[in-house]
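In this document, chain identifiers A, B and C correspond to the written order of the chains, with residue numbering beginning at 1 in each.
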Amino acid sequence: MKKMIPEITKQQLESSSNIMYKMMKILYPICRSITGNSVRKTLEIIKNEIPIQTFEIPTGTPVLDWTIPKEWNIYDAYIKNSNGEKIIDFKNSNLSILNYSIPVHKKISFEELKDHLFYLQNQPDLIPYRTSYYNENWGFCLPYNLFCKLDPKDEYEVFIDSTLESGSLTYGESFLKGELDQEIVFSCYICHPSLCNDNLSGPVLLLSLINILSKIKLKYSYRFLFIPETIGAIAWLHNNLGRLSKIIGGFVVTCIGDSGPFTYKKTRVGNSYIDKVVKKALKDSNLTYKIREFDPHGSDERQFSSPGFNLNFGSLMRTPYAEYPEYHTSADNLNFIRKENLASSLKIYYDVIKIIETDGIYINKYPHGEPQLGRRGLYDEIGGHSDLSNLKKCIFWVLNFSDGNHSLLDISLKAKENYNVIKLATDLLLKKDILIEKENFKNPL
Amino acid sequence: MKKMIPEITKQQLESSSNIMYKMMKILYPICRSITGNSVRKTLEIIKNEIPIQTFEIPTGTPVLDWTIPKEWNIYDAYIKNSNGEKIIDFKNSNLSILNYSIPVHKKISFEELKDHLFYLQNQPDLIPYRTSYYNENWGFCLPYNLFCKLDPKDEYEVFIDSTLESGSLTYGESFLKGELDQEIVFSCYICHPSLCNDNLSGPVLLLSLINILSKIKLKYSYRFLFIPETIGAIAWLHNNLGRLSKIIGGFVVTCIGDSGPFTYKKTRVGNSYIDKVVKKALKDSNLTYKIREFDPHGSDERQFSSPGFNLNFGSLMRTPYAEYPEYHTSADNLNFIRKENLASSLKIYYDVIKIIETDGIYINKYPHGEPQLGRRGLYDEIGGHSDLSNLKKCIFWVLNFSDGNHSLLDISLKAKENYNVIKLATDLLLKKDILIEKENFKNPL
Amino acid sequence: MKKMIPEITKQQLESSSNIMYKMMKILYPICRSITGNSVRKTLEIIKNEIPIQTFEIPTGTPVLDWTIPKEWNIYDAYIKNSNGEKIIDFKNSNLSILNYSIPVHKKISFEELKDHLFYLQNQPDLIPYRTSYYNENWGFCLPYNLFCKLDPKDEYEVFIDSTLESGSLTYGESFLKGELDQEIVFSCYICHPSLCNDNLSGPVLLLSLINILSKIKLKYSYRFLFIPETIGAIAWLHNNLGRLSKIIGGFVVTCIGDSGPFTYKKTRVGNSYIDKVVKKALKDSNLTYKIREFDPHGSDERQFSSPGFNLNFGSLMRTPYAEYPEYHTSADNLNFIRKENLASSLKIYYDVIKIIETDGIYINKYPHGEPQLGRRGLYDEIGGHSDLSNLKKCIFWVLNFSDGNHSLLDISLKAKENYNVIKLATDLLLKKDILIEKENFKNPL
């Protein structure tokens, strides 16, 4: 028998952050893309830690309005100058290849070469991350400083040992069955090569979350997606159309390893249950945070929140993608991530789940005037929690608003009191048989 | 034939404030509690001024979730040191006894005594007010400075000549019948011994309000409760369950004699008719004030607004209980109260009633375009009120929004104009037969 | 075949502003009033530029709650002192006569004269504008400085050569029929003599607007009223009761030639379609502006928005009447108006119409996930508008919110993006057959 969802401990957070950072180091060197063996290898490594089911969808399969593309694999790539010196070597950085480059091997002039080179004039030391998934092309990415040193009169040998052929798209899914069928979805993407905050922070956080949740008796079911961005979300939606009505809401998990404050991007409707839960978890955390409205840009919330599905997907990040200078460059590396950031991100996600799991609507059995608490020993119970100066207040909030219309989350928001204390007050009132749970509060939607 | 509710005059306010302060001086020396002869004597004194009906509910009677407690009476109490000197003498301050102390007479060590002594380290010169209604105990309250002077090695004689026996709980009720059955309730408590702002300011204000209203022909009915806090509200609710549906709303009247700005604590729903009226009365007063949301703490609004009743009770105070340092100490005495504060508090309560009494929905009989006012002599009428620069504007507000959906209160809030001028504009338009009263606007709920 | 509503060009604005200012100069010298040949002459001049139908309603005709007054015409007026010198000469300023003065010719003392003189002590050099339409009287308006120079002991000859007799009230109407019967009304007043911002700026702007719109194929119908204030609006409403249900909303056009920022006075309901359109047009203009709530004062919105009609009339002005010192004085003259102000006011009105004409609700045909835009060449289309950095974002806004519940205007407000770019994004998506127009979106009300 598993225990009801407890507070996450410091110890759990510390050991989880070690595992998260270790996993990030293991996954970092793989040159991931939206298809190919790199994805399979990534999922294999994750599978060593948590149960995960993988799916393969063949090239050419129609998925919603899209088609599964050819599978891409890369083995080697370089540019040599006429002296035979390797100017750029894929072995030094996965980012140095335009992701999804077709194979090429030829000698070309600088004129021809430079249309295939990508760099950042404003960040001259960094290698940018570029892709060309749906437009067959080849190219290299390099620091602008290196680009400037290239001799325009020289001849260059370009070599890309890649394959772009029929194959399949791979994704992984992990599922924790709770007492109820209704589920919360956590989605991360696994298609970026050697990029830490905007990519690997998501999978490693989910890995730790699954580890912790799998030891707990859960009320709701939880699904975790490890998918290539965009096409993976579209493929997953296509394959799970019949199951979408079970989804209460979800999260796109990314950019949660940097040192910025939290940013929550709300769901499309803007006042969903998910939004209220996150707002309260952030508020109670005493950390700084910002909440912003939904917009139809960004990551896979674009697909989950498309108007035909309109699923309540939010995105709880630290610094959002494209809003930090290291984004999509070689600077979004292992040094950019801090273990303690991963730990506090994990805690917020856990606290969000804790609210979802423990929320409910209760009915005050003595709604006419206040029930006499002293007679029932409630004041002794309060005395037993003398560290919680607001427990008594919370008891009166719960009593007054447990009228069948307010859930514990609603009451905690109205009272501007910590959710955990509202929950504790509820537990004490339940113990004294003053509250009863409202039947059929199974789905907060 | 009584007159329709007029403006309250300066003279009325001055004479009322003299009566209020005089009554407070008469009531101050009584050692009130939630039951006993002190409550009876308090009500007897009030009865000399206004008609009041008193009720007695026997000890042991179940009321809602509670039971009427034993009746408490106190006659004398002191502590003597071994030299026979009275260290504390109940005759010097009603606060020096723990309210509801059981009888005791014995010699005890300082060790034993000190568990029965209550003081305020942060306010060392003041005697605190403490009670133990539902937990049989005895004790004394004293200044911390006096406590420090007690000899820990001495032996002390403690004497409390009290009775805690079967009896009854006493409360009083005054009722002014209006044209309609619907009623507004004003509730104050009469259970605090020798405390002025948090307690006596309420009863003396109601006394003056009843005096003034009893000379006026009223539209609504008004009920005034003089009850012990908590148990009295519960007992009254229990005895009046069949009448609650007549209650439009009400007020818990307390803390209205100090010099702080007004604070209005809204009703549970937060946008009731009562809330709108008070907001407008405060706005029009040009005094400073704050409006705060309902919370399920505080005074008897906790009972009236419990979810099973959900009556619209607000609390219009000056400085709220527990938010001024004199609260529940010997410093909340006659010097803490100023007559002019009582007077302006009385005026606000009167103005609240004035809005309730005169509000209504009227229908513009000429809603298509503006009616031609000149032809009807309206501009001459406006000229007759040349001191009211906004009267003409108010006439157009009333004309435009007397569409059957807006009461005068609504219009005055929308127009941000003084309610009295909106009312005057309405009277002029009625006189010229441009408006008619909407039938069946009998209850603003 | 006319073209769909295009952007207004700089050239159009420049030539329109020249016409507007020229027309203002032509109309300025006429001593208009609410009836009489001056109104006929004004409409005749306007008729030279645009098609306009004129209406005559006989004196004595009942209109709503009013009656058409006698017709007023003025030919000459002066005051002479005893030396036979003209102190005030109507020929020098149309404002010098109390508008609607009855005829008079007599010699009177200063004592009697001064009750018929109107001046502004605070603006001693200016002649005020005064009327006495519904109260038979005579009078002269003059600068306070001139008033001070009058000899109180002198005798004065007053002469007013006017007629106030049975006749008719005249107003004009221009109508542009669109594809739909639903119409937008633009109303201006033509009753002020020699006043530019508060009066003539309205008619000349409408004249240019009609000129431009008449060359365009329109979706909605547009009606333009040239009426005397108040009584003209009442007469027009009276004559058009059966047509009011076709009116989506309208504008009272006045005070749009001064140099102040725009002020929009909202419609009575405060959140009508008209209000949303103006808010967006102003926002997109990058000009400074203020938006204020409806009040039942002001100009003819008082009649159109009276509760029996409750038409959605807003007022998009620059500095509102009575809020600039030149208002209703001889200083509201041709020098107070600037061509470029008229031009930018015309542009805003045109942009408002452009939004109304092009707004619609569209349905995303591929609402499940994002449609694959690359495959359809959408990215090439976006590339063709490289000056519009937000076009791609707007495409995703349109895709996500074209769910049948949001019009383009709604989407542009939600996205905080320029309406024109939202419209362009929509056009590209329509071209690629990704959107279809929702049937029966004919009336935004």
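To be clear about the criterion, a contact is a pair of C-beta atoms (placed from the backbone, for glycine too) under 8 Å apart; a residue touches a chain by one contact, two chains touch by 3 or more.
Please read these numbers as outputs of a predicted model, since none were measured by experiment.
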Across the interface between the identical copies subunit B and subunit C, with over half of residue numbers shared counting as same and under half as different, the residues used are different
Two copies, subunit A and subunit C, superposed on Cα atoms differ by a rotation in degrees, nearest 5, of 120
Cα centre of subunit B to Cα centre of subunit C, whole Å, reads 55
For subunit C, residue numbers touching 2 or more other chains are none
In the complex, the residues of subunit B that touch subunit A are 64-66, 134-135, 230, 233-234, 237-238, 268, 295-297, 302-303, 305-310
Listed in rising order, subunit B residues that touch subunit C in their complex are 364, 366-372, 374-375, 393, 396-397, 399-403, 415
